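In what follows, a structure is listed as structure tokens, so that the remarks can point back to it.
Read from first to last, the chains carry the letters A, B, C and D; within each, the first residue is number 1.
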């Protein structure tokens, strides 16, 4: 996988809805290096502009599957920070 | 009400579905006089051709409303003997 | 859903609830039209139940079904049942049609549309109405089997196979 | 119900059950088409649930709604949820569509069609799927109010009025 570049720039995280509004972007580069625990990624996002918006335990998906905050993000994973869902 | 004629001929009872098949008619004249208890009407029907088909406690409607077998049928009432319902 | 009768919307969301339509019909039931009848701008959930004629019952191959109703009473009982969940919830909107006559496999025999601002009352009402309909409405069905036999269905009779 | 795709019927009533269709779509949802997808000759009951955009929420006048999805994951989560009741009941047939984009009052945002030989499994499945969809599928909605404000709905936030 060609993950070395993305690692240099941090881990890209997909954002949606209210989180995309808060961070002002639909993808942010979070300045941590994979592999790392999801909780470390989230804590790094909290100090980014818009990060104060995040709840205590935000929802996270890796490769389009729900994960816990203690899961490990691997290089090349598709990471998404998920606002409270409201479908239907 | 012009009920004397129908009383002379008995009480007309509407039949449907399996009961209409059993009695071979969609209306039968039951040889009892109104007013009478519904149970008396039903017992009179049991000895008519096809009447052996009736269950122990058949369903009955008077003027298109469910009634108990101890209710009284009045002259001029629309009486219907209702097979087990199977709508839907 | 896009039938002409589906619009325009009433302009108020507190449009009248209750039983907006009950009919025992000979023609095919229009499900989109029934849904449109319960829709208004304040509705957030619609629960539609359809009963359909299936090709197997009690292990026997069915070719069709004949439905018969005590017409006036079937209509009034249906209307009474449809009104029961509405009595305690003015936000509920209900429309019901039951078909009679000769139906083929796949035909819709009954359609119940319930609408509400929220989903639970709409779904609860549809279930209540079909359950009570099967208990209380004077309608009967005669199954036509592939072997030519015709039998009036008696839900009170012991089943030949487990339900 | 009378769309061309509704017939011909499969000739066997033990046609395959399971999840026959899942989609996150931009175009209006065709409810009649969705019902047709779950129909076959062995079906005796169809339960259809529709979520629609209503003109009042939390006491505020709504002019429309914007739905957004994490497209690939929304599709796979929807498919997983739809498959859960099917896993324990091979006779269950399910089709689901969720719409995204800008919706107007009265538009159908989600449609869930569940079919079975008998009514209880069909109705139970529709309820399960909409409940789980609201809990687990990454889709969001932004209400557009008549006063111009736009707010992303957060079901985890304290309600301004009792639910």
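We adopt the following convention: a contact is a pair of C-beta atoms (placed from the backbone, for glycine too) under 8 Å apart; a residue touches a chain by one contact, two chains touch by 3 or more.
Keep in mind that what you see is a predicted model, and the values were worked out from it rather than measured.
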Neighbouring chains common to subunit B and subunit C, by label: none
Longest centre-to-centre distance from subunit C, chain (CA-based): A
Length of the line joining the C-alpha centres of subunit A and subunit D, rounded to whole Å: 28
Distance between chain centroids, defined by C-alpha means - subunit A, subunit C (Å): 48
Distance between the centres, which are taken as Cα means, of subunit B and subunit A, whole angstrom: 75
Junction residues of subunit D - those touching two or more other chains: 51, 119, 130
Junction residues of subunit A, two or more chains touched: 88
List of subunit A residues in touch with subunit D within their complex: 14, 16-18, 21, 55, 61, 64-66, 80, 82-88
Complex interface listing, subunit C residues touching subunit B: 51, 67-70, 72-74, 76, 98, 109-110, 130, 133-142, 152-157
Subunit D-facing residues of subunit C, complex: 1-2, 6-7, 9, 13, 28-32, 35, 39-56, 105-106, 108, 117, 119, 123, 126-127, 130, 163
